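So the structure is just underneath, and the comments pick up after that.
To keep things simple, chains are lettered A, B, C and D as they appear, and every chain counts its residues starting from 1.
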Amino acid sequence: MASHHPIMTREELSEFLDREFPQIHMGGRTYFVEEVGPRTARMRMDYHERHIRPGGTISGPAMMALADLALYVTLLAHIGPVALAVTTSLNFNFLRKPEHRALISDCRLLKLGKRLAVGEVSIFSEGSPDMVCHATGTYSIPDRR
Amino acid sequence: MASHHPIMTREELSEFLDREFPQIHMGGRTYFVEEVGPRTARMRMDYHERHIRPGGTISGPAMMALADLALYVTLLAHIGPVALAVTTSLNFNFLRKPEHRALISDCRLLKLGKRLAVGEVSIFSEGSPDMVCHATGTYSIPDRR
Amino acid sequence: MASHHPIMTREELSEFLDREFPQIHMGGRTYFVEEVGPRTARMRMDYHERHIRPGGTISGPAMMALADLALYVTLLAHIGPVALAVTTSLNFNFLRKPEHRALISDCRLLKLGKRLAVGEVSIFSEGSPDMVCHATGTYSIPDRR
Amino acid sequence: MASHHPIMTREELSEFLDREFPQIHMGGRTYFVEEVGPRTARMRMDYHERHIRPGGTISGPAMMALADLALYVTLLAHIGPVALAVTTSLNFNFLRKPEHRALISDCRLLKLGKRLAVGEVSIFSEGSPDMVCHATGTYSIPDRR
């Protein structure tokens, strides 16, 4: 791995998202960067009507969007905000119905190469130990000069 | 395969979605069932600001939501509206940047078992022959009595 | 989860594999159950010519066979030897070239439902901290009476 | 796509495999390149004791090895034998028990970029229309000078 340690702070990541991806906050701010660490980052997605299905269940697409964002944020934290990384593949296993609560995503980079990064994301209902969704994803990293 | 032929029409599927999943139309109707056939269904997602990123690109999560819906609709078309199928896994390969146009999804069931269904979805920009995203997914089908 | 604790020991699992899957030992015994724990099992695959490519690299298919076996053994450890579980999907990310050494696989069940089990497998070259391959897999569990 | 048309013939591909990967023929020749076409290639894996489980079923790992080889051969057919492509991810859905017969794999490239290629593989029992396994895979292509 080029570097095991993040080079952006939680605050820098949040500002970057606000500036570059304002649309993720459309309809109210629900995504938060909670913590960054070596190869890892934790995010939180508030329980909000735009993520839920009738009956109160958080939708599959809402979990997929969270996982995609979590991987992107964790990657940026380790390569910096200049890079334009592109998702090339994502794999999801849906394990349980989430609770009617916020979701927490724990992302960990399994590989951070020059051209390719691979990470996994574990998603939990806040305060619960049982994983509701597991994802792995691959990002293509453009040439840096 | 239990049956190769759909048992719901395009109109019945559209009405079912309107009734059971009104939230997919929130902010304006963008998803349409275009065609159903043996083991297949085609959907269309209009190009709409809520699916796009700054710069006009359709977001990865918007394509993932379309693929998930396309699989669900194709499955329902073949087992009927009573069943409560649950997505258990989804896999995506993102191939090209979509055009600034509507997306068309072609879904095909690879297996329709008693307990498990598997399908693949090919997504294209309308009018273009190059696939922008390919997905495969697995659905768990509850016991029917 | 039905049970977090294994109901078969390492010895019972090894005997079961020897009896039911003698073909995995064809050409010499290379697979070993090393450890079982709550929701987990560790296996070892010896470095052996039938797993390697010219140049000494362990082949992708050899790692895939190890992951599939690791998931199967971990599942059996928790549901017992009677069940006839069937792999329904597997996803692999190949992260680094393995060393010219034995491989260690750490498997963990993410879900152990009545009909479906999901697990992840992390594969390492023995003695090295860097993961060489990550897998997730789904097993269908037949009805038990 | 750089090129839709293969630049290697079936014979050239077979000779390349024999020379560079003799180990796939260990224990008897069972893999054959049957046909190459625009973005596609078809392979055949003979029904042979080293691919089967007790009871006569072709093992999951044997199907995974065939899919990996099919993707590699199809890629080589389109970029030529000089390139050293590396599998980065593979996803499998196992659909039905294969028959006690040879397997046929139909591979199609979904993307052939400068750095990344993506393909899908459909595997059938010879003479049967029902797919037994579906795979998608990603290959990283090294810089060519």
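One rule holds for everything that comes next: contacts are C-beta pairs under 8 Å (C-beta built on N, C-alpha and C of every residue); 3 or more make two chains touch, one makes a residue touch a chain.
These numbers were taken from a predicted model, which means no experiment stands behind them.
When the CA atoms of subunit A are superposed on those of subunit D, the rotation angle is 180 degrees to the nearest 5.
With chains reduced to the mean position of their C-alpha atoms, the one farthest from subunit D is A.
Work out the mean CA point of subunit A and of subunit D, and you get 34 Å between them. Computed from the mean C-alpha positions, the centre of subunit A lies at a distance of 28 Å from the centre of subunit C. Centre-to-centre spacing of subunit C and subunit D amounts to 24 Å, using the average Cα coordinate of each chain. Residue numbers of subunit D whose C-beta contacts span two or more other chains: 88-89, 91, 93, 118, 138.
Across the complex, subunit D is touched by residues 88-89, 91, 115-116, 118, 138, 140 of subunit A. By the touch rule above, subunit A contacts subunit C in their complex via residues 1, 91, 93, 95-96, 110-111, 118, 120, 131, 134, 136, 138. Here subunit B touches subunit A in the complex through residues 20-23, 26, 50, 52-54, 60-61, 64-65, 68, 86-94, going by the rule given at the top.
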